[in-house]
Every structure is written in structure tokens, then in C-alpha cells.
């Protein structure tokens, strides 16, 4: 490893997700051996009183109100974008122009062309999109098992993401329910995670047909979406995402059925992966419920010991840990802006299909 | 209750499902108080040696090789159809002509017009279609909770049926894989159950879009199917059925999300129903895993005691028990041939949508 | 197999458990290939009106009020004892004197000496004790895995049996709560099953220390019992049984931890066995949740198909099926009266330890 | 809240648990609103090279090799003891003499008299024992439900703690297997946690009978222990703890059965609590599987959002958060040294009972 280098961060945004980012910036060095020390230099937001409290709680050296100013500062190495979707592009473009490393929340953009423009702008700069669920240890372990061929040819990829955030009409007042700021509802908020995970685990989507629906009268964005797909590898896929899944809190999951076995994951039980192998003796073929906290499983050795669970925040830490390691070795990091463009292409095809009522091929990159 | 009356049955077919029917004919009187005694009079099949053994094991008085002959016999009151799909219609029509009560395996027919013809023919005769999973106590309890309004307005109905029966190419030699005898694959075999259950639990389907796929080269029927639907009640639905669900044995299930709560069921854990109520105090809102074996839950009092589980065969017994009770009181029984026509209309729309690649409205009855 | 022979049964008792026996007598021939046809000849009880209804519902040819008379009848081959514990011995002794085959409910006797006398009396007659839970397929499969050495040396055997039958004071009026008829409470009713299972799965108990308690003032028998044991094989054991396990309906289960793996079973999820192998690759070591309904697993091929669950009643059918098969081949059947004596010796030691407050060695047979 | 005050910490020890402490010292201020800023001033250990790396990774300002020196330093406010059990007393006594606040790992002491001496020494100093599992949100929620009377009178308290740490003979080389440093094996390491939790949830233990066993020849400490108890509240209790629970990683859990309901918890599924209420309508009585991550449940609002799980490390953060809040308000904190004395008294009674083979009353405080 090269010598430790200081990276100063400016984070734009101070909401819930900005807490998760801040935490990861502090914690990554405790759990990952990376040759960087991160400086939580400046946090940008509108309400300076609240921002002051946020900065104190989360250890940011300065607060600022003008992201355009801070993005261009010489003492800033990384710009972290943790604001509503509509601001991703202007901030990312400005940061790219200033030559900064860029971290951006998901979904990357408001549209496919916007995403493509952003990806082109950052192509020579280290960049990251916070599709953090790829780094759930159980998800990374699923990826490993699939890559090793443990499932053989895949037949079915089933995905869902349900929470109940949309049921309460009062919730409808936040930016997530305004088309101008969010772009979409369940599609960008929830489905984007499912698509990122699916592209990573099961490859490209060749064609899809989708439906979406808004249950709440007057709401500007979709409350729910369903998609049927043909993957390029010949498997069938289904996706469903909704803010009206009463009873589910943060219920993203998937099932993958292949010729040699199958896998199932659910984030509300995130330390476990269910795995079935049809290559075992018939009487012993069954789903295992694997507690993914062991030294031979992804990320677990970075954190605690077998049987000592981790949680939500660790997915951000692991994302950042991997990013910094690839940065040290000048290797590509995933998911980056280009990966997010592929996800955005699928989301765009979903919108097109719901409008036309037929099958649509996501625009190839 | 009226006095006990004898009903003599002729069963056409002697395969796996004929065992389940035979068992129910013997057992119904032990668990249901019905004013009928059932005579297992004659079982019809092709291989007389095997049939003889079947009759001895399952207590049938006679064997016969010619269903056309037996269907017309004066001493037969009920014709039970337990043969491949293509034979349902001819046997049912003959039995109807002879004025018999008719029980028929699912799916009712090879096509919607055929189903309609059959339903018209039996309209004045007591009749039953063996969509037995409606009578899983947990499913009947779900129906009761929905009917009582415990879920309120329904947002999502999710359904699946996975087994792994299609993966072994050797299996492809049975009638279930021949278009001429089965009509379809996963659609008629698996999806039909899911649709029957959905229509019962969540009402009519207004519009659907579907995909199907055959993984095995040369196989005549579909191995898998997926469907997105708009229900008439405004909820969204998804269905998936496949014979390539490696790891699943008989995995039919559903999830229903409504404004006041949600439900989940899986047949591989058939004595339980998961139920969530959003009307409870926030800190106690959670899925219950209800063991449906109590005296206050459907059918359970007919069988054993709380905590004493029942199994697959009891769904046939309960179906028959209900049929005989409605017969005694001259009330309509469900699911009957007309109910099965509605299911067939959905299956037909599924086929049409997969062919055309767009949304299709099931033909209204 | 020899030719089919008729066996006429007289059953003494007509309560809940007599229903389960009756059902098994009817059903065994449908699921097990045995060279016997069973005649449900006579059922004995006190209330002749209720008994008449019972006989009609469960297919008994005659009813009778005097067990002593029927036990000696020439046309009776088997005496089945399904009455309160205090009557087991007199009926069994009379039936033995008359040279009948004898089936007896558990626990076998009111005391160890009584059990020993009974066992001596039947030693030349085919006999069976209805410890039916040995024949849960998942339990039989556990036995098979242990016998094959899949666990290696056993370290821990943990057992429990909880229901909530004792909580309702109204329940306290039945014979199960009267010392003169039941002998004990949770000990004979629940713990006896756990001990029978443990002796079968893990061998003899060398020494034990126990506590018991009656929560309900004035109740004559124990409501709950706990036991710590040293097994002869060097493993440690714990047992707990209670009628005050609010929330549990029929919750008997066990966990076995050995050097190469571990097992867990719970009757409220009776079609499954959890199994862990420490011989697998570290990253894949996990509990499997095996659905024990496959052709390579015990009993399952006798009943339905993979994924088609069975229930409580099938454990009686399987017990009877095995008995009749061993009878045909003149092989010993287990659990018989001698096996039940060993269980009774443990129960007696449990009582002695609770009285003395120290460790007791069950009296060796 | 008073103004923020600086507290400088010296931590003695740099093993696994010292990582968990260090993490909590850094993180507590992010998640708990406490009027203290913690200074990670000095970490003490033997191997200075390793210690240097530890200090860098975990943000300690200085390293030191002589705990006696650091404990007396004026600039130290808190002494945190994270070393093998035999060193707890000498360090705690020295720290007490120097008037420091003291945090100590569990079990507090090597014997009851030692624990009593330590407790007396710190009685006027803020102190804490790291029985961190009390602060699992699900456990704290269980405590709340019990305190609110949701279970009514308690009948049974069942507790277990299984891991597989003892099976590998190579593990036997660490201090945890040496009597001189650890005092005991499973008793101090595992059972102590279970007892602390039980005393907190179900009150004092009146009497107990215990067994222990060492499976590994030549090992100085117990590998496993089992205990039966009478609680002072009239309930029965069982405890089992073992390092030979093959398949379990960190499997501490409990079940509590009361007249109005029951609870179950397992640390390997730590974000959930199972809860049953017998006061609900009969058909809806069932175990809920409560995801304890909501704003109305303990600690959850301190961390992330509903459905966003937390892990092992957060139990230390919550322990520390509560300690600092009670410190601010000069309220007593639990578990403190006196609480740990009560736990030690039970452990001492366990040892006495295993030696004598009879029932023992833990020495009252």
C-alpha cells in the first residue's frame, strides 16, 4: 500500500442519507486498511442553524450554504452529493469541471440523457454511486456464489422492494413526492436499487414490460411499479417495488433460481443468505440459512466476529472501503457513473413501457 | 340435516390425484357431519392390472376400462374426473348428459369456449372443480380476514407457484408435457391454482400483460409464466408460476398488502398464515405467524386439536365436506364449473397477451 | 409377504386419542403395504349414546360397555388401550391373559413396578406403545442421520415440550389433572414423549436431577417439570415440559449438538428438520431447513409427493404400518412395552429426584 | 443538559472487545445527545508494536505499557478495563483508589468475595459493567413489555447461550481456557451474560441446581453448564451455556412464558423480538415477529430508520449512551458493579451446586 494520503470531503446535503455518509467517512478507516485519511471538511445546506447542529454531531469542520462555492475550493478533494435527485446533475457537472472525485446518491439522474452527460463528464475522475446494497455481505456472497457457477444457468430472477412510506398522506409533502425534485417515485427511489443489484448479479436486461400506478390522488409520482423482463442470459425476471407494502419497512430482496441451485435474500434479515444446492444428495437438498458473518465470507472479517451482526450503516462503510482500495491501486470501482447509466437506461425503458403498454428494449450503452 | 343418503361414485383416472380423491371419499364422513354416505363404486382406467391393485388399495368396489359405459350407469350418482386435461370435456359432457353430479380436476378445460360449453352443460347439476387450495385452512382464514375488512382497501396482490418438476428432462415424457393432452404447461398446471385463489380472495381481473417461456428445447408446453394485472378493485397484481423453481417442491403462495394490513401464505408451511395489522399500536405492529389449527379458524375443528397439524390430503376432504354440506342445503358450491370458467378466461387472456405482447382484458362472463 | 390376514380390533376408549387410533386403523392399508386387513370390531366406553355416535363416525362395527368382556372374546385379535393411565395396567394384564396383541397409549403405567409387571406379561405377545412422535418423518430422519454418524460424538441433547393446556383452570376438571387417574401431570403427559424420543435418538440416561412445580393451587399433579441429565454416551441433556407454555400449542422439540453437526426439530413445524454439518466448507456451513417429504426420506414415499405435507394423524398411521410390517416378518417392534419400561424408569427417577433434591440414577433394566 | 465536558479515557487491553469499546467511545456522540466529549487518551497493552497499530486504527492518542502508571494519571477521568478476568480486580481497585470512573468487562470478578470488594471500592464512583446485551433494542423492548405487565405473572424463564468456540482444540490455548486467568469457562464467559439478563428481566434467583462439564481432556475450565432455578417471583428457570453448540455462532437467547403472553429472543436475529399475547381474540393469537427498529421502540430512534438494522457494536454504544445520560443527571446506572455482584453470586452458587450435587441458594446481597 502507498503511504496514507489526506482526502478532504465536501458533502452537499444534511438529511438522513447524509448521516449515513458521514458515519462511513469516520468509520471506514477503523474497518478497512486504506491508505487515505478522510477529512470531513465542509457540509453544505440551506438551514444554517440545523446545519450547525448536524456538523457538530457528525464531525464536520465547516458548514456552508453555497455548494457552487465549495465545489470549486482547492482544499476539497471529494464532492459527495446527498441531495434531492434534481440537483445531482448540476452539482456533479460542477464538481467534474473542478476535477474533483465525485460520490453521488442514487438514482444518478432525472433521465437517461442526463445520466449519460454526467457519466461522460466524470469519466476521467474517480467516481462512485451509492448503490450501497451491493455491499451487504450476504449480497456480495450471493454474487460470489453465482460467479463461481454454483447456480449454473439461471432460470428466474425475482426481485422486490416494498416499504410502507407512501401510505401516510402526510409523507407526501417531502421532495420525494414532487416530480420536479424526485423525477419519479418508487421507480427512482426503490426500483433503482433492485435494478442495480440485478444487473450486477444477473447481467443485462434485454427487454421489459412494465406497469406503474399512483394510489394517492393528486400525487405527482408513481407509488408502485412492476416489471417483467427477459435477461440477456436467457433467464426471466420480475421486479416489483412499492411504497404501499404495508408491513414492510425496508424490504428489498431477491430470489434467483438456477439449474444447480437457488438463492434468496431479504434486507430485513440482512445478515443471512438462503442457498439451495441441487447437487447435494437428494435427501439433504434444502435451503440453508447462512449467517454471513464469517471470515470466509465477504466483508465480515472487516467488521466483528462470526455471529456478531452488522447493520445498515456498514453497507456504506464497505462501499467506501472498496472505493478507497481501488483508488489506491488505480483500479475501476463499481458501481460508478457508467454502471448507473445502465440502471438509468432500464428505468427509462420502464417509463416508456408503462406509457406505451408494450415491450421495450433498454437502450444499449 | 336430512337423513343420510347414499351417493355412488365412479372415478375416471387412477394416477396420483386419483389417490387424493379416493382418500377424501373415504375420509370426509369422519371429519364432516354430512348426510351422505359415499360409495366408491367403480374406478376406470386403462391398465387393468395396475387398476386392480389401485382399487384394492383404495377401496373401490369395481374396476372398469370404458368410462363411457360407466358414466351412464344407473347406479352411479357422481362422476369424478381425474384424468389428463384433454379428457375433461368429453367425460364431463357425457356425465352431464346422463344427469350425474360432476367433480372435475383442474384446469377445467383446454380452452375458454370448451370451459363455457362444459359449464353450460352442467348448470343444473351439482358440480365441483378440484381447486383444493382454497380449502387450506390458512387460505380460508385469509379469505375470512379479507371479507371482514381487516386489510381495508387492497393495494397489492402478489402470487407465485414454483416447483422444480420441469428441470429433469426425463419428466418431459408424461402427459403434462404434451400439448395435445395438457393444453399448456405451467399455465394450466400451476397458474390456474393461483388464479382461482386470487379471484376468490381479491376479485376479478380487469386487464393483464403476460410473458411465458419454455426453457427446454423441444418441449411442447410452457415451463414458466409471469403476469402483471390490474384487479377490478384497483389493486395491482403479479403472478409467477414455473416448473423451474429449483429448491421449491410445491411452493404456491401469496402476499396481499392493504391499507390496514397485510397477509402472506406459502403452501410449504401450510398450517400457518402471516398477518400484519397497521391498526395496532406502532411499537407492536408486526407480522404474526398464526398457526391455523384452532377451533375458531376454518376447518380446524373438523380435524384434530390446536397444534395438531394437517396436510395436503385434508384440502380435498374439506372441499368435499363443503360440497356435501351445500348439497344437503341446496346451496351453491364454489368453486364450481362457472368459477372455473372465470379462471379459464384469465388463462386464455394470459395466452393472448404472451402472443401479442400487450395488455389484454379477460373476456367477461 | 404372506397372504393377507384379518385382525379384529377392540378399542377401549373413545376420546380424542381414540379418534387418532381409529383413523390409523382405517388408513394404514392405504399407505402401507401390509398383509393384514384390520377389522374395527368393537369400541368400548361408558356413555353408550356418545359411543354410538363415535362408532358410526369412525366405522366401528359394535359398541360395548364392558372392557373385561370384550377383551376375552375369541373374535378379537388386538386390544387397543386408549383410556386414562390408571386403567392401562388392568386392561393390558387381562388382554395379556387372553393372549391378545396389545396396543397401549402412553405413558405405559402409573409406576415403574407396574410397567415392569405389564411388560413381563406381554413378553410373548406382539405389543406396541403409542409413542407416535418417533414416526414423524423428520424425527425418523433425524434418527437416521444420527445412526449414520452425521453428528459424530454428541455433546448436547436439548428437549422441550410446551403447551398451554394447564393455564385455563376449567381444564383442571378432566382426568389428566387427577392423581388417581393420571398418576402425574406434565411428567406423564408430556415429558414421557420427550424421554421416549431421547432414548431412541441418544441412548440411555445415566443420571439425572429434576425439579417440578404445580402453579395452580389445589391441582393434584405437576404443571411443569425440568430435568438435567448425563447420558450414557457422555453427552449432557436438558428436558423441560410444561402445560403453562402460553403461546405453544403442541410444542415438542429437540436440538442435538455433536462434533460434526447439529439437528433441531419442532412439532409445530413437523414437516421440517433443521440440520447443520460442520464438515462442509466454512463459508457454506449453515442450518438447512429440510422439508422432509421426499422419496429418500422416511415414510414420505408412503404418503404423498415432495412438498405435499402430512400432519399429526400420519404419525399414528406410520406407527401402525411399521408394527404390521414387523409382525409379518416376526421381527421386534419398537417402541414396545419394554421400551416403555425404560422410559418409565426415567420418569420414576425424575419423581425421586424432585422429592430428594439430588441426582438419581434411573433404575437399570 | 449541562454544558459539554471532556472525559479522558484510559483503556487497559487491546483485544477484540477493546475494539468494540473504542468504537463505542467514538460513536456515542453521533447517536446519543450527551453533554460529554470523550477523549481516547491512552490505551495500555503488552506488545507495543501491535498496540501502536491498534492505537492508529482506533484513534487512541497514546499507547502505554504500564496500567498502574496510567490509572493514576491526573489527566485520566475514566479507566476502562478490557483485559482477562484475573486482572479486573487489581485494575479496578487501583482505579478506585485514584478516584476514577470505572468501566469493567464481564464477568466482573474471579469470585464473589472479590466482586464484593470491588463493588465496595467503587461505590462512590460512577461505574459500569459491560453486560452489553441488555441494550440490544429487542431485549430492552422485552424489558419494557414485561415491566408494563404484558406477560402478567411469569411461569417460565428459559435461557441459553451456545457458541462453538470450544470445539476446536487449538482455541484452547488462549487465556479463556486457563483457570488462573479466566476463573471459569462457559460459566463466566457465557452464562454470566444470561444471568445478568435474567436478573434484569425476571428478578432474583431464590435457589438453583446446576451441572457443568468439560468435554476436552486436560482443559482447565468448564465447556458447558446447565442450571435449573426457582426465581423469587415464583417462576421456574432453566439456563444452558456451552462452547460446544456446533452450528451456533453467538447464540444467546431467552423465552419467557407468562399468564398473558410470552416472549422469545435470539441474538443471531437480534433486530427482532417474538411476542405472543393471550389477551387477543383467540383466532388471532400468535407470535409476532417484531422488527425492533421503530421510533417507538428502545434506542432505535438513536440510530437509523425503521427497517434499517443495527448490529453488535450498537449494544456498546447504547450502553455508553445511557451511562453518560445518567451521569449527566447524577442518576444510578445499571448494570453497575453492584448488579454484577448479584450475577457473581449466582455464578458462585452454580459452582457450589455442581460441586455438591444439590440445590443452593445464591448468597443474598
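For clarity, chains are labelled A, B, C and D in written order, and residue numbers in each chain start from 1.
Keep this in mind: a residue touches a chain if its C-beta (ideal position, glycine included) is under 8 Å from a C-beta of that chain, and two chains touch if they have at least 3 such contacts.
Predicted model, so just to flag it, every value in this text is computed and none were measured.
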Worksheet item: Higher C-beta contact count, A-D or C-D?
Response: C-D
Worksheet entry | Most widely separated chain from chain A, with each centre as the mean of CA atoms | C
Worksheet entry | Computed distance of Cα centres, chain C from chain A, in Å | 54
Worksheet item: What is the distance, in whole Å, between the centres of chain A and chain D, each centre taken as the mean of its C-alpha atoms?
Response: 36
Item to complete: Go ahead and note the Å separation of the Cα centroids belonging to chain C and chain D.
Response: 42
Discussion item. Give the residues of chain B touching no fewer than two other chains, as numbers and ranges.
Written reply: 248, 285, 287, 291, 294
Worksheet item: Tell me, which parts of chain C touch chain D in their complex?
Response: 155-156, 158, 160, 162, 164, 167, 209-211, 213, 215, 224, 226, 228, 230, 234, 236, 238, 240, 242, 244-248, 257-262, 276, 278, 285, 287, 357-359
Discussion item. So in the complex, the part of chain C that touches chain A is made up of which residues?
Written reply: 141, 275, 281-291, 294-297
Worksheet, complete the sentence: As the complex stands, chain B meets chain C at residues 16, 20, 22-23, 26-27, 29-30, 57-59, 163, 248-251, 267-271, 291, 293-294, 303-314
